[in-house]
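Okay, so chain A shows up in both of these, paired with chain B first and chain C after.
== the complex of A and B ==
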């Protein structure tokens, strides 16, 4: 059974995703239970797979008996196992949130599970073309989910996301074509060897690198390729923004790291230092520009969206530095950011349901009006800024240590400045919640509403519990850094310690 | 120059298709034309894969006595998959456009942007 786990983590949510529509013909409201059972199974599979991988090394699976490198290979090593567990756990958590928050349509749960399947496929695959297919499955599910938002503007946001996202994925496909022309293979493990033979500085390989990394950078939403992202996050349904903000860019960043370290390898950076400089520059610009745009926002969800642009700059910077500490930091921050940003979007959904607040000014006095949710937001904000011992601190610490080791001092400056910039936009939110009196206009509902009680729209205890769980995880996950360090040491060949 | 054109005209077609696709995507404010531009762009990529697989004098990859050399069938298979992906994307994009038109009564991106600001 366990030897089939690499394909089951993809097949299970696809099959599960077909069921809500099928059973929807006979009975109402079966979508949520079906999704819950599927995702519970998915979580069990992912955890079982992760324990196998951590104990016994990478697992490879060849569907259909077409032997690699000719057939498609699925590979789960420590790095992908971490991301698989993250996908399963976060999607299960967001499903708990969706029970009350909706949307309740059967088609929503079908797309939800399809998204999980696409993300798991991107994580488990060992073939660059297969990665493209899963990238598009993820994309299609995400476009549909974003369009299911509360107003027609969600459809406009989804179409923008679709067009920009498709161009990104198409550039990636073109890059894969260049790799195929240069080496004649698409298998990642095989490419690592054949690329070195083809010569890292050949025009074909360089173009392939630019196209593939550029395409994935669109999906990660690095500045200036982030234009689809704030609209998609802000106009989508709260459940959808929580799921998409937590996972979609995260897995795209994972795929980018997978390309860097399993396909191009650090040998490529050694041979073509300009590629590393270019990636570092894009990441650094993304950190600064994302933060500045976030400071300028008055809508809380848009601020969180621009904050993601900045935080993914950090993650990609960590990967691009390429020393072991930096990669550990990038991976910790990748996982930590998924939990923190997911929790924050879930919390803004609760706040809007209870008080109708969407804008920063309307968050005034939230500490009294919704104490538990506000406390959750505060913990998540400080975790994101990087207050020890939260996961945000641990991730940034390792990235900075890695950058110092590599001697990229200008990046160190940007990284330290990014903490201040993050503080700049999150401190405004914190100040509004706790140190500003509620506006007089809202005195009608200034009486504190107990968390889990009836506000303007129903908010269940489960929804608040998801935020609290995310806040707790954001503090506790920092302790997993040694495990991540061990995983990275086993799976990724990095630049040597200086 | 003429020589490379005569032997590599497919690649010129690839570049032309990619360029036309991106230009339509960026320049047209009509949402349907943007989707058409997206399709043209993808067609350029499909042509690139199929052209890269071409080998003069080679036969289809049905192995038989004295049959070589063979064309690699892999790029064609990849492109079949990519075409399916492209069709699904177009379908979703058109469905979204139908919803946008039903709501706003326009397909013009500029008008949509103004409506959004009001």
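== the complex of A and C ==
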């Protein structure tokens, strides 16, 4: 059965996604149990697949018996196996959060599972058009999830996300069309060879590169294409923010890396050095601009959202540098960021439910008011800044080492400065939580909370456990770097080199 | 004229009702015809599903949106969409159980399995598309107030 795992990780959540609505006709509140069972199965499948891949190398699967490159191929190598496990584990974890936090509608769980299916499909596919299809499934599910928030601003954020996201996906599709015109194939492994024949510096190939990377950069939310992202993260329901912030941009960044290494390959950057310079420049600008915008925010969730713009700049910079150490760093930081940012969004949701606080100023004295959550936030913040031995440190360290190896000194400066910038906005939050006196009881009660209610809703142990688990993972995952290094070594050696 | 242009005002018209009554079975058949043609000629579940879904819209124009909403069981629409997804996935997974790969039609022990397999998949897709179109139509027809009130069922 394990040989079918590449297609089952996509089919299972789709089947699971169809069930909540169907069973919802007969009974109430079956959405959560169905999603839990499906995602448990998904996690088992992903872990089994990952162990197979780590032991025995990349797995390829051709559905329908249509032989690649004409048929669609699913390929799971070390890189995609890591991301598949991340998707399954994070979505299962967020489900524990959703149990109490809601939304409880059956349609929410259907969309939740569809999102997981789309993300898994983007990760497992070996075909650039198939990637577009899953990109759209992911996008549509994410738009719907963002819109499921209670406030009207969630609907506006979702509309903005829909318009910008669709433009991004269309750019990607256009680029895939150019690739087809240039080479006559859409299979990634096949493209790697035929692109070299078509000539890396031909106008068609260059245009395809620009369009595809540009389209994915919208989905990753690199500056200045990030405009959909802060609204979508901050205005959506807390559960949705956690899931989307942890996974959607992460998988888009993975797809971008997949294009760089499996389709355009290292040979493209050798032939067209300006493409690498351009990508590095965008990444560096994103790092700096994202941090500066984060410093300027007074709403904590928006600050976290802009922080993602900066952190994904780091990840893309690591992939664009392209040395082995930098790729390891980018992958570690990709996974680490997903865990840390997911945990932080989950924590802000808990804080809002418990105290009604949304803005930085309202976080004053949180260390006394909600000690466990505040401690979780503090650990995640320091992990994100890059205090050893947390995963944030390991990722950034490898990226910097890679950049030094490649001799891109200006990038090294930006990378080191980014740590200080991250500290700049997270230190403000930390200072508020632990070194500012909590407001007196009368002022908290008088503080009006937007979006109705007094902001004090039930917080379950499961919700706090998600934050604690994320904080622990953020510390522990740093130790997995040698494993990632081994995986990347295996995978990179399978990347075609010129 | 000015009365008819006001939103939400339904005018009963014998001409429209009679025409819809006569044309409806043909349109539904045409929708199925298009769906079944996905295997070997232009057509398929997406186009056919939209045509089949448009039948309900025509009924709504002829007999009033609220009347049609009451007449149509929303559970049926949801069930068709879910079963459509399960049909597609079931055909794909069934071929795995028969020892093939996902969606490997000719593993099924019937004649022209590939053709009938694709047609069944297209029928499933058609059901999904038709249900979604019908659902979207009723949601939009209900207006914004409903959407915001009913946004979260928790």
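Convention: the second predicted complex is superposed on the first by the 477 of 498 C-alpha atoms of A that agree within 3 Å, B and C clash if a C-alpha of one lies under 4 Å from a C-alpha of the other, contacts with A are read in each partner's own complex, and residues count from 1 in each chain.
What we mean here is this: a contact is a pair of C-beta atoms (placed from the backbone, for glycine too) under 8 Å apart; a residue touches a chain by one contact, two chains touch by 3 or more.
Here the structure is a predicted model, which is why all the values come from computation and not from measurement.
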Which of chain B and chain C A:158 touches, first, second, both or neither: first
Contacts of A:44 with chain B and chain C, given as first, second, both or neither: neither
Contacts of A:105 with chain B and chain C, given as first, second, both or neither: second
First, second, both or neither for A:129, with chain B first and chain C second: first
Chain B versus chain C as contact partner of A:21, first or second or both or neither: second
Where chain A meets both chain C and chain B, residue numbers: 147, 152, 155
Residues of chain A defined as touching chain B within the complex: 129, 132-133, 136, 139-140, 143-144, 147, 152-153, 155-156, 158-159, 162-163, 166-167, 170, 173-174, 177, 180-181, 184, 186
Residues on chain A engaged by chain C in the complex (per definition of touch): 4, 7, 11, 14-15, 17-19, 21-22, 24-25, 61-65, 102-105, 147-150, 152, 155, 237
For the chain C and chain A complex, residues of the former touching the latter: 75, 78-79, 81-83, 85-86, 89, 92-93, 96, 100-106, 147-148, 151-154
Residues of chain B defined as touching chain A within the complex: 22, 25, 31, 34-35, 38, 41-42, 45, 48-49, 52, 72, 74-75, 78, 81-82, 85, 88-89, 92-93, 96-97, 99-100, 103-104, 112, 116
